[in-house]
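Should a chain be cited, it is by its letter among A, B, C and D, assigned in written order, with residues numbered from 1 in that chain.
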Amino acid sequence: MSLLEVRKLSKRFGGLLAISDLDMTVEEGEIRGIIGPNGAGKTTLFNVISGTHKPTSGDVFLNGDKLTGLRPSRIAGKGGVRTFQRSAMFSDFTVLENVSIARHLHARESLFGAIVGTARGMEKANEGRALEILEFIGLTAFKDELAPNLSHGHQRALGVAMALATEPHILMLDEPVAGMNPAETERMTDIIRKLRDEWNITILLVEHDMKTVMGLCESITVLNFGKKLAEGVPAEIVSNPEVIEAYLGSEDILGDDDFAA
Amino acid sequence: MDTVTLIQTLLNSVVASSIYALVAVGLALAFGVMKMANFAHGEFFMVGAYCVYVLYALVGLPFPLAVILAIPIVALFGLVAERLIFRPTRKNILAGFMATAGLAFILQVLAGQIWGVGIAKSIPTPYMGAADVGDATIGWQRLIVIPCAFAMLLALRFFLYRVKLGKALRACAQDPEIAALQGIRTNRMTALAMALAGASAGLAGALMAPIHSVTPYMGHGVILIAFVVVIVGGMASIEGAILAAVILGFIHTFVTTVTDNLIATMVGVGFMALTLIVRPQGLLGRERA
Amino acid sequence: MSAPEEVANTGLASATALRRFAPLLLLAAVLAVLCVLGFELRPYHRELAIVFFINVIMVTSYRLITTTGDWSFAHVVLMGAGSYGAALIAKHAGLPFGVVVPMAGITAAIVGAAFIIPLLRTAGFGFFIASFAMGELVRLIWVKVQFPFGGTRGIINIPSPEIVGLRLSPPVPFYFTCFIVMLAAVFIMWRLDRSRIGNAWKSIHSDDLLAECVGIDVARYRSLAFITGAFFAGIAGALLAYRMGSIDPRNFDLTTMIYLIIWVVVGGTTTFWGPIVGLVVVTIAFEWSRPLLEWRPLMFGGVLIFFLIFLPGGLESLFPKVGNALRTPPGQQFQRLRTWFTTFASRT
Amino acid sequence: MLLELEDVSVRYRKIEAVKGISIGVGEGEIVTLIGANGAGKSTTLRAISGLERLSGGEIRLEGKRIDGSSPERIAGLGIAHVPEGRRVFPMMTVRENLEMGAYLRKDGDALRADFEDVFRRFPRLQERANQLAGTLSGGEQQMLAMGRALMSRPNVILMDEPSLGLSPIMCREIARIIRALHTEKRTIVLVEQNARLALALAQKGYVMETGRIVLEGPASDLRENDKVQHTYLGVA
């Protein structure tokens, strides 16, 4: 059984069919990239899988459990967690507190417990785990910094740390290296690789930076107009004429007769 | 319900719907443009009523002239509210909204201090007598509300759909950034929206002055109904507000006839709660993407 | 280590200790003063203090709801639900004070739970006005229904509070009763604010989509905040019912709600203590303005507008500024004042 | 140069989206900005039309500085912006959308001629003149957004990703229209992801990468350049 299975998925916004009849599977332990030109439906696919949007038709399964129609918090509880394109964080809190809040699923507290303060031991263990995650991501030095004071690269890393805090089976990264400088990009790709190798987390990522995608992913799904255009290992994708056309556009578009410039 | 009561109630429903529509349309318009929500909208209604009290009952101008003058006067209040409250708080609509609760307080106190808090102002009925509709009768004073409200709503519609400035206002409500790219000055449009909101609420108040009792606190009941109408209609939708005004106007009048006013208001609020559960975006509101 | 250095170090240590314990000392001092005042105050001022305690519960519970980003306009009506609950239970069931007060809280929580079902569909501005309409609905029921709510006349002859045969109704015992209930309520809400649940609420305010995606059930936690806030508003309502001996729907009208908002806006909602500071300041100003009775709503309406436009963070946002000012030399302060003034002048 | 950007920087809170770029656009020229997503192309266009404030540099139109003016003022100076994702006014008819494009104009007769001109260019729009813009297809909305820009009789047209999300047939149609505009000596700044299309249409091109211009030159040179392909697909 595949870890993630997308069956006949469609999502319509008004007149626009953002995803149409998409089938896709992701195996346990993969690093899968999703690419495609702007407006191809990549982010919509993420939104539907993670529960932020409801699909118009079709289903999503994680470990055989149906995710369709569940809210993101429930899907996170089942092990499917996403990050955001923008830097998303709880801005009134420190870095450590952000990760600690994201441990919600594993450190729930009852109303009574909160008032009486019975959860001290659990909080300790929880904070220990949060610190481990920060160490792994390389943010330990900033743990007491307010999250909005971090640099862009560190804020994006914090986003990944918060997703990890939920202990996911599959981590969906929405443009993890967007807006990063080369050094930051390098660090982030290392982290992603280690997540799979050492933490056994399956990775699904949408990314525009082709160098990163080609270097990091073992398999790639190309979307265009909400449909699957191609799927395969990076070498196949790069040499696929349809993909090149989708990306660079075709000169044929202009028609030979009026193409004179 | 016998036929006479039925006709009577139907006519009253149309009167109520007209007033609701006048009050709610301005609220929806201002909310559509730059998300301005005015808690003092009921007090604008009150100011409109006081305009008629002063100009007609005290100064002695003819009633139609007093009503017509109330429109620009209250529109001016809208302009001032936009400039002094909504523009400085544009980044936070909730702050602007709460600040207008303060404005409501201020207008109430001013009205009370100038014209007295105690008893309601009685305004001599300008149009005595009643019209016979079948076997039912309805006072002229109520009946004239209908054409006046219709005229105002039609004028508003004409302005929004036929006049360039009105179209620009709609453009601004749909996408302020793109409207600015066409050279439309958004600051002017927000001022215009608030002026129109004031104008329609002022007219409603002016028309109701001889029917309603004129007190500094008469805005309270109005704002509740206006909010219910706007939520049911879909917040920023003018058409939605008018549709909801008609629905709630009929519900209110019929329930009032069968039971009483308070229960009718409760049914109205209950209808709002139901709408929120079944269709959170309101009758004609657009779904958030 | 040379002697002067050592002295400097211990000086530093005691300074940090002072900073750490200063708030506690301040709190202890305030509580001690309030205890003494319970015996020493003149009757009028003691009554005022009792109302103040009730209002402290109100602002703190209101702030608890706003930590999720939801500004409710029904909080005073929920307090009323507590008052009516307490009055009816005390009058008809004849239960003692110690049972009635929590039951009043539960009554308000149940009404709050009914409110939150449609309100969850709304956010921000929609939440505000929908909650206003829901609150008015309940208030109209009180106005309308003669039995058991007594219509516009409300409920009169509420039995005086008693606990294990001890009469709490005389001014001094009642002062301390309210004082203790307030302390307990504020303490519980303070613990909640500091807990993981409180953090979940604040995270929803900060970014509800992110909160949902890291596993926080946003609808559930918004409901929890609203219902918990309602519970404490109900407790405050019970105290109010006992203090007044009779209640009617006008006690819980729009004006009262706007005053609650003024307290909270003046104080600010970012910190736990902000709303209480706002309440203290506005209460004092309110008393001073007694000679200008009829102009009062106008003044406070103006205060509300002023704060929302010029000091949207409330008085609490000045605390760090005051702290900084005390630490910076006067020359720099003057400089800062000048830049502040020029930016202020250019903004208006 | 009709439109000049000199050392322009734009900053969103922490990130510098555009880092000191200089661009020159001559009269009657099509100049294209190409590059991967997030390279700062759209931000550059938004800066020109006043939707973003500059954190450094200058923008000049006919030698006069326009940076720091409001979008309304800049629209009045003759810069029309066809925004990314079309962004037509969805609840207004096609005709009303076009009227909004001509909002600042007061010349009635010429205006009527321009309506006809737009309808001649885009016959599909004439067929749907009284339809709500929100109900149009993506390609039709793109035409409407272009028509709306033309209605202001602009000196410079900024086009942000006109081929985005359009089918190949539609892309071809849009390309044909841009080409026609060029023969009429219109000045266009074209932002495109579809690099081949853009370079086929333009005379001059700038390749952007993370806020900087990494390549510039005549479009014909860029078309032959391996590095352009490299920037897009990451092929070594």
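Criterion: contacts are C-beta pairs under 8 Å (C-beta built on N, C-alpha and C of every residue); 3 or more make two chains touch, one makes a residue touch a chain.
As the structure is a prediction and not an experimental result, all values here were calculated from the model.
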Identity of the chain that, by mean CA position, is farthest from chain B: A
Between the pairs B-C and B-D, the one where more C-beta pairs touch: B-C
Distance from the mean Cα position of chain C to that of chain B, given in whole angstrom: 33
Separation of chain B from chain D, taking each centre as the mean of its C-alpha atoms, in whole Å: 43
Chain A-chain C separation of Cα centroids, rounded to whole Å: 41
Distance between the centres, which are taken as Cα means, of chain D and chain C, whole angstrom: 53
Numbers and ranges of chain C residues touching at least 2 other chains: none
Residues of chain D whose C-beta touches two or more other chains: none
Overall pattern in which the protein chains touch one another (line/ring/star/complete/other): ring
Every chain pair meeting the contact rule: A-C, A-D, B-C, B-D
Residues on chain D engaged by chain B in the complex (per definition of touch): 49, 51, 70-72, 75-76, 80-81, 83, 87, 89-92, 96, 99-101, 103-104, 148, 152
Footprint of chain D on chain A - complex, ascending: 14-16, 37-39, 151-152, 155, 175, 178-179, 181, 208-214, 225, 238, 244, 247-251, 253-255, 258-259, 261
Touch list for chain C against partner chain A, complex: 188, 191-192, 195-200, 202-203, 206-207, 209-219, 224, 228, 270
Chain A contact footprint on chain D (complex, rising order): 14-15, 17, 36-38, 134-135, 137-138, 161, 163-165, 167-168, 171-172, 175-176, 179, 192-198, 200-201, 210, 219-220, 229, 232-235
Chain B-touching residues of chain C, taken from the complex the two chains share: 71, 117-119, 121-122, 124-126, 128-130, 132-134, 136-137, 140-141, 143-144, 254, 258, 261-262, 265, 294-298, 300-305, 308-309, 312
